[in-house]
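Chain lettering (A, B, C, D and E) follows the sequence in which the chains are written, and residue indices restart at 1 in each chain.
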Amino acid sequence: MSDNTTPNNNSFLHDAGNRAMIFQVLLLAVVVFVGYYLFSNLQANLDNRGISTGFSFFNEPAGFPILIHLIEYTEANTYGRAFFVALINTIVISLLGIVLATIIGVIMGLARLSKNWLVARLATIYIEVMRNIPLLLQMFFWYFAVLAALPAPAQSYEFADFLLNKRGIYSPNPMIQDGFGLVVFGFILSIVASIGLVIWAKKRQTKTGLWFPAYWSSLGLIIGITFLFLAVAGFPIEFDLPQKSRFNVTGGMVLPPEFVAVLVALSTYTGAFIAEIVRAGILSVNWGQTEAARSLGLRDNLTQRLIVLPQALRVIIPPLTSQYLNLAKNSSLGAAIAYPELVAVVMGTTLNQTGQAIETIGLCMLVYGSLSLSISIFMNWYNSKMSLIER
Amino acid sequence: MTNTNMARAQLAQGEEAIIEFNDVNKWYGDFHVLKNINFSIKKGERIVVCGPSGSGKSTMIRCINRLEEHQKGAILVDGVEMNNNLKNIEAIRKDVGMVFQHFNLFPHLSILENLTLAPIWVRKTPKKQAEEMAMHYLERVKIANQALKFPGQLSGGQQQRVAIARGLCMQPRIMLFDEPTSALDPEMIKEVLDVMVQLAEEGMTMVCVTHEMGFAKTVADRVVFMDAGEIVEANEPHEFFDNPQHDRTQMFLSQILNH
Amino acid sequence: MTNTNMARAQLAQGEEAIIEFNDVNKWYGDFHVLKNINFSIKKGERIVVCGPSGSGKSTMIRCINRLEEHQKGAILVDGVEMNNNLKNIEAIRKDVGMVFQHFNLFPHLSILENLTLAPIWVRKTPKKQAEEMAMHYLERVKIANQALKFPGQLSGGQQQRVAIARGLCMQPRIMLFDEPTSALDPEMIKEVLDVMVQLAEEGMTMVCVTHEMGFAKTVADRVVFMDAGEIVEANEPHEFFDNPQHDRTQMFLSQILNH
Amino acid sequence: ATLDDVKAKGFVQCGVSSGVPGFSNADDKGNWSGIDVDACRAVASAIFGDGQKAKFTPLSAKERLTALQSGEIDVLTRNTTWTYTRDASLGLDFTAVNFYDGQGFMVRKDLGVTTAMDLDGATVCTEQGTTTELNMADFFRKNKLSYVPVVVQKADEALAAYDSGRCDVYTTDKSGLAAHRTKLADPKAHLILPETISKEPLAPVVRHGDNQWKDIVTWALHVQVNAEEMGISSKNVAKIKSETNDPSIKRMLGVEGDMGAQLGLPASWAYDIIANVGNYGEIFERNVGPSTPVDIPRGLNALWTEGGVMYAPPVR
Amino acid sequence: MAIIFKPLPDLPPPSTSVGAVAWVRQNLFSSPLNVFLTLFSAYLLYLLVPPIVSWAFINATWEGTSKAACTGGGACWAFVSVYFDQFMYGLYPEKETWRINLAVILLIVMVGAFAIKTINKLYLSVAIIFVYPIVAYCLFAGGVFGLEAVETSLWGGLFLTVLLGVVGIVASFPLGVLLALGRRSDMPIAKSVCVVFIETIRAVPLITILFMASVMIPLFLPDGINFNKLLRVLIGIILFSSAYMAEVVRGGLQAIPKGQYEAADAMGLTYWQSMILVVLPQALKLVIPGIVNSFISLFKDTTLVYIVGMFDFLGRIQAANHDSNWLGTTIEGYAFAALIYFIICFGMSRYSMALERKLETGHKRN
């Protein structure tokens, strides 16, 4: 039958595989060429203009101060260290923002679904207002609103050993004394005990069918035992109390208003987006699931917890990931209100002092790239875990 | 109370009514979907409900475990009136199993977990015992070997049987079926009907919305025909099929049976 | 070449094969879904393919217009081998109409646009002429009055008839049907089968996956029974139904017919 | 070469700051004015004989140097401090100083502070990306004073933060302090401290390597200073040009010889600068002098003959 | 003899299930928790609304020539009214602003026409995407048909904001579609190029891209080649939003059932035919909300051009805040900005909802 199988007019170009191949080779060639072209121009331009390149400036002293630094930092430290300070600031604000935005988003999303008309309406207004006004404006709003609302340091609000004024929230700074090891031991002990409690509660259910509020009790257990050990060790913590001085407050720990404003702006803004995602996720779970759960006699809170939320999560997670990424990227706007994050320190001060545009901007892009990548890797892992349970 | 009396009158003498509709009316917004439903079901009775699409069949049986609220009249299940009292509703729901047309299995839980969920959380059955019972019912519906799979991995007929087993796991005294076979293909319909026939033979009280007239003929004690929110006719199967009283019923039957 | 010869042998003497499967094998990953399919279909023949779910029926007919690739053997349609050659594939697809189980109408286009799309863009028919032809086929399937509606506005049976008309609009020489009635309810099944019977009477080459045994009996020239990726039995309908050769076929028939 | 590009374009593209009153500021009609703007107009006058053939790109502190490096602007006339690193490693060249500045501090009067040495523990607001940040750090370190820095991306927000009480002190170049003070809610409630903590020679910047262009920008400034020294102003320049016998003036104004050709400029280049823009003294008075709200004393920027450091090489 | 069936008449529902009282009971006070929530929300409203109303309206000053005119203790809207033109048009010559107005009206009319059923959507889209930009550009930039040329550096205010947003979205749209198709293609190299592009761009903040575009692109080009800053910023914005658009469109493509592709294949349509005729129209319709969402984000994000020294709407307002006649009007300026952004963004999201309903072909069946 071989004669019969002779394909007619089998020209090279008509083969689907070949066509794809040719197209791709062309594409690759274009990409490589454009890349090469840009790069060679860059080199020529840099040479022409006598701009030095490289990261050697990283080892030079930075000479500028940074308001918020979670690791030791002074002006005498290097640009490299300044970079890490800023990196940590970016990461901290992103992570805290993500946590807060999630909480706000879930609450607002549920509120918008509330059967209570007024609550649902207010949540809708919140969501629409937040979503439709540029984040930068919101940052200015929070920053200057916060500043305007608070008193000068001399007139600080005081609660116990806490101070609140335009310069931030001051709290006692705990300083660990001898004997703290005992407390740590107590804390570990309490955790072990509560894990035991949870296991015991599971076992008991299997045997007798009765539930025990294991999670709440373990919380109590952890607090109780830790406090007990604190007392036994004679409270081995001393507090460095904030004190008003001529201009400011000295001592204690401080949460500057910049940090608060950026955090509030980021989390309320992103929270509004997350609220919509949560709402859509919950709505995406077939009403039949709720009915089935109800007809089995499950209470509404159990229905939500055991049936609706686990399924809604699958729908929620992918768009949630993008919102997390957006939040991390939007933290770069913090520069506008003096929050010393990556863009401010690296693309701002460092770039201006060293003039190394390519290096600093490239570095910023790289950092945001990796930050985004890690968030999405984590979320994808979580997502696959969730869907694994399903199938 | 004449309506109630009428409902009573439909009962065979001396036997106890486990579900009673007393002059039940329901509206969806302005739309009057159930009109003066008076009907009562004895313990162990097997009722088939049929009627054209949109006639209110589903709505009626969903009122029994208060997936829907009615606005007028009273529904008594096991002597308890279904109203906003959550305690009552929960208690009744434990006693009433429901099987949906689209199964409504929980896709994120394994078959076994689907079955043990309610016993563990609602009835506070020890997990082990709940699992044993679940396996028992899975065997009853002949899919014990699928216990560890997830709903997405089963065929439609198998899923529907799991749904039935799930309903049975609460050891209900009443089972409600809402078109349990209409999403299935012919081979699977048979599987499901077989299980239902078995249940019926064991004396479970059953209310079943279905258009499987074969099932109605063999199993039902009474067939209820609804149209436009009313019960048009309710009768024993042979009477119902051979000698329908209303012209509406005749028309409907002629359509269905000629196919 | 013995297999190919076998395929030829199945042909009635002297008649021309329009579709030929020569020792076709196909895998989905590791899963061997079609096993040594040797089969050939004459011009004007009407073939019904049946078999249990998952036996590879859909896969086989989807290979004919290369919605699926096969990995071994050759499929010849109209003497042209189906391989990666785009020209060939496009040419064959113009000649082969396909009707899917789930209709797959284009929801964003009106019925008329659904029908004229391929003639206009593939066959380069003038729009007016394409529309006339479309109206002609719509009349054939008795829904000409629905031409300006959108698919979402039609009932299942109507949609399926539109799908058939769409297939016919390319004026194909071969029509493939993949369970064209299984998504429909009984009333609608009848509508669709009627249209197909008509087509069959006009001598169109048809390959139809279906479990409507009534249709098979009245219309088919041959009935092909598949199981586990193989063609178990292929025979004329009366032989096939009254005197099945394989025990697997017997078992299958007993299930289907007893329902 | 830049000059050819500029001639081909028909205008000079200058980078300026986006709003420092007295230095570069656009009014509500979009007209630019200020010392830095005039420095640019001087270059335009020298080339085209027309000070209006200049266009202005407002730049933030952050992007100004990169904008120049990348060729987006021809010359950066934005109060930019001349420092070693900037000159040596960035592919840039500074021309002549058009304003001698120094960094200072502004505080609220009611704090009772009179000297910067009192600022121990203060919170300091400043704009990001300038030498100001570094000088501030150096000052406090040198004097062993503690402080809290609040570094805001743009001067406006930095000032707003100071105004709203976030900081005790606002620091930037003294010229900037004077200018910014006019923007505060109550300018009179603020005090500029006497200390000058840094040398801030502000000079227009050009790209490294184009000497001709650098010379043009440099000499456009020198001419202004020389003119003031010689008593030539925009008002009398026409008369002097026609009446003078002083050979050095004749040379400068292009009456004798062709000094312009050496730089690729018309012979009347210096005349055009003075006629269009004025001498340095005029420019200073017009933009930041006592008659303006900015009100900066001449100080260091007076001519060398009058106790300042403005000293220009002769045109010969 | 058969009994004739006569359906009972429909009765109106009892008053406990409809009407105002029932509504209040069901929606506000249906359970103790709801009672609490209702009261709490009402209290919140009480706290927020009266002060805002009195600041923004009751005590506000609407006219005046300087801040000194604002004595009411409320908002100083006089500032906004004096500066209104600059906020809208930037430094665009006053006597030429009719050109901008004309272009905007034209656009609104054209987009609005989508809602009219009888108009051919295809021609309209072609007109908007291909013809309109040319017309608009001629109007804005001038220099042809006797229109006075207006340099791009004078463009500003809300006009610039809208321009950046609209051009960004319109131009990024086809690019996004191509990227999305590329990302879903079977060709490994094409696919990886698209994936890398999309993921890289999505991973970095817009700020860095704008910065690149405004100050660094020239470094990547041969000496002497240079082009308009506005254009460069636009390219940055287009690349940025095309990556987002690609992901939105990909979502739509994934939602199209395989059967649609197969049906198109079975009819003999080529790849591009089946994409353009069958798949994309459905996919794009599905993702209208997503598209509008990216439009809204992009529109808001254009505020970031301030860091590259362009004076968009927000930039103009900030600049006007320097005016010594109007010091202390920052809040009014920002409130006005917030209001305008809100109106535009909210309007867009409502328009998209209306559009979705209009484009619905037949009710959904499952």
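Note that a contact is a pair of C-beta atoms (placed from the backbone, for glycine too) under 8 Å apart; a residue touches a chain by one contact, two chains touch by 3 or more.
This structure is a prediction, so every number in the text was calculated from the model and none was measured.
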Min route length, chain touch network, subunit C to subunit D, equals 2
Name the most central chain, where centre means the mean of Cα atoms.
E
Please tell me whether A-C or A-B has the greater number of C-beta pairs in contact.
A-B
If you fit subunit B onto subunit C using only Cα atoms, how far does it have to rotate, to the nearest 5°?
170
Measuring between Cα centroids, what's the chain most distant from subunit D?
B
So what's the Cα centroid distance for subunit B and subunit D, whole Å?
88
What is the distance, in whole Å, between the centres of subunit A and subunit D, each centre taken as the mean of its C-alpha atoms?
43
Could you please state the distance in Å, as a whole number, between where the Cα atoms of subunit A are centred and where those of subunit E are centred?
26
Round to the nearest whole Å and give the separation of the Cα centres of subunit B and subunit C.
40
Which positions in subunit B are in touch with at least two other chains?
none
In subunit E, residues with contacts to at least two other chains
211, 215-216, 218-219, 223, 330
Would you mind listing the residues of subunit D that make contact with two or more other chains?
62, 66, 69-70, 153, 160
In their shared complex, at which residues does subunit C touch subunit A?
1, 4, 22, 74, 76, 79-81, 83-89
In the complex, the residues of subunit A that touch subunit C are 1, 4-11, 14-17, 19
In the complex with subunit B, residue positions of subunit A that touch it
205-211, 286, 288-289, 291-299, 302, 306-307, 310-311, 314, 389-391
How about subunit D: which of its residues touch subunit E in the complex?
5, 18-19, 21, 25-26, 28-30, 55, 57-60, 62-63, 66-67, 69-72, 153, 156, 160, 182-185, 293
Can you tell me which positions in subunit E touch subunit D when the two form their complex?
83, 86, 91, 151, 153-154, 211, 214-219, 223-224, 226, 229, 307-309, 311, 318-324, 327-328, 330
